[in-house]
Amino acid sequence: MKKAYLGIDIGSISTKGVIIDEEHNILASVYLWTEGNPLGASKKVIQELASQIDLDEWTVVAAGTTGSARKLVGAMCNASIVKNEITAHAVGTTTLHPDVRTILEIGGQDSKIICVEDGVAVDYAMNTLCAAGTGSFLTSQARRLGVDVEEFGKIALGSKNPTPIAARCTVFAESDLVHKIQMGHKKEDIIAGLCNAVANNYLNNIGKGKKILPPIVFQGGVSKNEGVVRAFADSLGEEIIVDENGHLMGCYGAAILAHGSGIEKPFSFDVADMEFVTREVICENCPNHCEIICVYRDGELIDSWGNRCERGVIRS
Amino acid sequence: MKIGIPRALLYYRYGIFWETFFQKLGHETVLSPRTNKDILTKGEQLSIDENCLSTKLFFGHVAALEGKCDYCFVPRIANLGDAGRFCSRFEALPDMCSNMFRDTGLKILRANIDPEQNIPAKRAYLKLAMQLGASREQAQAAYEAGMAAQMEDFRKKIKLNRALLKKEGIKVLVVSHPYNLYDEYIGAPIIKSIRNLDAVPICSDGVDPREARSKSTEIARYVPWVVSRELLGAIQMYRNQIDGIVLITAFPCGPDSMVNEMIIRRISHVPILNLLLDSQDGNAGIDTRLESFIDIIRFRKEVEQ
Amino acid sequence: MSAKPYNLTYPQLGNYDIPIGFLVRKGLGLAYTSPPPMTKQTIELGAKHSPDYVCAPFKCMMGCYIEAMEKGANVIIQTGGTCRLGYYGELHEQILKDLGYDFKIMNLTLAQYGGIMGILGGIKKYAPKRKWSQIAKVIPTVAKMIKSIDKVEDYMRKNMGFEDIPGSFEKIYKHFLSKLRQAETTKDVEELYHLTMRSFSRLPVHKPDDPVRVGIIGEYFTIMDPFSNHEIEKKIAMMGAEVHRWMDLSHSVLSCPDDNALDMLRSYAKYDLKRFPSSIWVDSQRKKIKKYVSEDMGASSVATIAMADHYAASGFDGLVHVKSFGCTPEMDAIPVLHNISADYKIPILYLSYDTQSSDTGIETRAEAFYDMISMRKEARQS
C-alpha cells in the first residue's frame, strides 16, 4: 500500500477535493457546489474521490481541510490539519507555480492578494470591509440583470464602452447599478463596467501598497470570468495566468499541508456513510450569547466550538 | 520658480491667498486642472480606500502636478489657535505626500502653521518666503497682499449671499466644506441641480468666518473644528431666512460624522436633507432626492400661504 | 437629581477601570460604577444609538454609558483628545439626554475648560468638600496600578504563547486582576505585582531562542481594548509568538520615553494638554523617524510610525496595525507604513474594526498572517 493524502476545500459556494501522492502528484480531484450543505457536499466529494482511485493500492494516511467550513468538515474526517484558505492557497499555488510572484484571488465572500518570494509567501492582504467586488456580489448583480453569472465574462468582452460603476461598497454599488439600468445604459456595457469595477476596486483596496510583480496568477471563482481577467490585464499591463486547475489550489494546499504536518491519522472513506449532525447551542452565561456549534457523529458528540470563554465549553 | 498648487481641500479656503502670495514673491503658480475623471481615477489609485472622496481627489490633484512644476505646495495647517482645529488630516498631508510620492520626482514645498505650538500663520508664511529667497520686507508685502486678496474674496462671497437671500423663491442653504461645495465631482453638480429645480442655492461659506464661529456656540458649544464651527455658524445666521438645508458630506468624514448628527438633533423647524457621497460614480439617485426635497418645501410653503 | 449622591462612571478600556475607579472612590470620595464588561450587547446598544459612520470607540463608549447608568451611575466621565475624541462628550450627552437619561457629564475637553486649571476645577466641582491634598494622595497608588497592569500584560503577551500548561498564564492574570480590585495602598499593589511576576516566572514554558516576534501598533483606543480588537494580541500570541506592544497608559500618559533625566524633566515641564495624550512622547519619537516624517501627523500616528520603525529595525517578523474604521490619523499613517514595510521587507497586517467585524474574519486573517511569517522565518533559517 502506498501513502496518499486527502485535501478538501469547503467554500461558501463550491466544495473541492483532491488526493495526492507523496510526490504531490494529483491522483484524484472533484469539484461541486456546496449548496448550503457543507457536510453533504464534503461527503459527496469523498465518495467521488474514492471512486477515482484504487483503494487497494492507496491508503489515505492524513487529511487536511480548508475553506470557511474547514472546522466542521475537519471534525468530520478526523483531519490532521485544519488550515485557513489563505495559507492553503499560497502553499498549493507555489507548489504548482514555483516561480509565481503574485497571487490574486477573488472567491465567493473574500478576496485576497499574496506576494511570493522564492516560493514563500512574504506578504498578504485580504478585503477588510464587505463583500463588494467578490463572487457573491457579482452573482447577485447578475440576477438583477437577468443574466447567468457564467455568461458574464463573454458578455463583458463584447462591450466597447464600459459604464463606470462605483463598487467600493455594496450598498452604493447596487443603487448606482439600478440607476444606470434605468438611465438606459446597454446591458453589456454595464456588465463590462461591473467587471472593471471589481478589478479596480480590488487593486485600490486589497492591492494598495503591494508591489504586484509578474508572474501573476489569478484564481478563485471569479477568475473564470474573462471580463475581470481582461480588466486586470489592462490595469496592470501584465499577462494574467489563470490555471485551469486554479479552483483546486486550496484543497491541493490542504493536502500538502496534511502531508507536511507529519501527523498521520486514520482516514476512512466510510465517513461518507455515517450520519453527522450539528446543533447550535446559545450560551446563556453572559450577554455575549456565544453561538456554540456541536458536531455529532452517529449521535455522539465529537467536537464543539464557538465559545469565547471557558464558561461556554461543551465537552464530549 | 514654478510652484504647483493642488486644486483641492484647503485650496478652496486659502487658494487666493496662496496664489497672490507666491506671485507677489515673483514665482509662477501652476494650478492643477479642475477635477476630471483622470484625477479621480489617479486619486483612487493612490489613496487608501477608506479615505474620504475629497482626500482621494487631493492626491489626484497632486499627481496632476507631477512634471508641471518645480515644487508642489502642501502646507501643514493644524489649527487656528482659539478659532479651533482642523481635521487632523490637514496636519498629516505634507508627510503623507512625501511618503506617497517618494519614488517620483515630485518635490513638496512645506509650511507649518500651528498657532497652538506658537507658529501663527503669519510667521510660517514669512519664514517660507524667506526660504524662497525673499527679504523680510518682500515677504511682509507678499503676505499683506495675499491677505488683502483673501479678504476681498470673503467680502464678495458675503455680498453674493446677501443678494441671493433677497431673491424670490425657495432658498436652500447648502452646508458643506468649501472643498466639497465647489468641486466638479462633489458639490458643483448638486448646486446646479438645485438651481435647475428653480430654487436658490446659498453656499455656507459666504459668511464672515469670525462671526460665524462665535454664532456657532448657540447651536453646539464644544465643537473643536474651525470649519465645522463656521458651518454651524452659517446655519445659525441664516436659519430664519432660508427654507431648507442640504448637508453634503464626503463619506466617511470624521468631523461631519458627529457634527451632522448634532445639527439634525438640534435644528428643528427647517427641513434638512443629508447627502452622503462616496464616489462620483455612486451619485445615482441624488437628483431624485433633491427633487422630492424641494417639492416637499414647495408644498409646505403653499399650504402655509 | 440633586438629591441623589453622585455616582461616576467611565467607559471600559482594557482593565483601566480599576485605577480610574480607585481614583474616584478614594481620591474624590465619590461612588464609582464600573460599566459591566463589554459584550456583544454593549456594542449593539452603542451602535443603535450612535451616528452611522462615527468611529467604533464612540459606539463602544455609548454602550458602556447606557449599561453603567442602568446599574446606577449618574455622572459620566469623558476625556478629550486631539482627534474626533475631542468632540465625543457633547454628542454623547445630547444623545443620552434624548434617550431620557438623567445624568451629568464631566466632559474633560479643552474646548470646555481651556487649560489644566480649568479641568481640575471641573473635576473638583463634583467633590467640593474634598481637599486637594486628599485627592493628590491617591495619585501614586493609581499610577502604580496602571504601571502594574501594563507590565503584567506585557509579560503575558511575550510569554503566554509558549506555556506548557494550557491556561496557566491566564489563571494567574485573573487572580492578579481580582486582587488588584481589592488593593488599598501602594504597598498592596507593589506586593501583588511582585507576587504575580514571581508566579509568572515559575511557569514552565518552551520558548525558542529566536521566537516569532510580532509588534502591535495602531489607534489609541482599539489597541488598548482587547474586546474592541477581538483579542488580537492573545490570538496571535497563542499561535506561538512573542507579541510586543508599546502603546499603553504607562507609556502614553505617565512615563516619558526620553533617554536622559534632563530631557525627561523638560518634557514633563512642557506638558501640553493641547497635545494630549501625545505630549510627553511625540517630540522624542518624531526625532527617531525623521527619515519618514517631519511633523506631528496627529493623535497617535507618530507613535504608530515610530514603533513600526523600531520593531522593523529590530528584526521583528511582522506587524499588526489595528484601528477603528475611518480613524483619520491612523489612516494617514498608512502611506508611511507602506514605505516601512517595503524598506525593511516586513509584512504588515492591517485590521480596520467596526462594530460589525466578525470574530471569524479576524481569526482567519490573524491565522494566515501567523502562518505566513512563521513559514517565512523557517525558510530563512534553513
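Letters are used for the chains, namely A, B and C, taken in the order the chains are written, and counting of residues starts over at 1 for each.
By our rule, a contact is a pair of C-beta atoms (placed from the backbone, for glycine too) under 8 Å apart; a residue touches a chain by one contact, two chains touch by 3 or more.
Only a predicted model underlies this, so the values are computations on that prediction, with no experimental measurement involved.
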Set of chains adjacent to subunit A and to subunit B: C
Furthest chain, CA centroid comparison against subunit A: B
B-C or A-C - the one linked by more C-beta pairs in contact: B-C
For subunit A paired with subunit B, centre-to-centre distance based on mean C-alpha positions, whole Å: 44
Chain centre separation (subunit A, subunit C; CA means) in Å: 36
Separation of mean Cα positions, subunit C and subunit B [Å, integer]: 34
Multi-chain contact residues (two or more partners), subunit B: 48
Residues within subunit C bordering two or more other chains: 325, 334-335, 338, 352
Residue list for subunit A, restricted to those that touch at least two other chains: 208-209
Residue numbers on subunit C that touch subunit A, as the complex places them: 36, 39-42, 325, 334-335, 337-338, 341-342, 345, 347, 349-352, 359-360, 364-365, 367-369, 371-372, 375-376, 379
Complex contact set, residues of subunit C against subunit B: 51-55, 58, 82-84, 86-91, 94-95, 98, 107, 109-112, 274, 292-299, 301, 325-326, 328-329, 331-336, 338-339, 352
Of all residues in subunit B, those that touch subunit A in their complex: 44-45, 48-49, 278-285
Parts of subunit A lying in touch with subunit C, wherever the complex brings them together: 68, 83-87, 90, 118-126, 128-129, 208-209, 211, 286-289, 308
List of subunit B residues in touch with subunit C within their complex: 48, 50-51, 76, 78, 85, 87-89, 91-92, 94-96, 98-100, 102, 110, 112, 116, 220-225, 251-252, 254-255, 257-262, 265-266
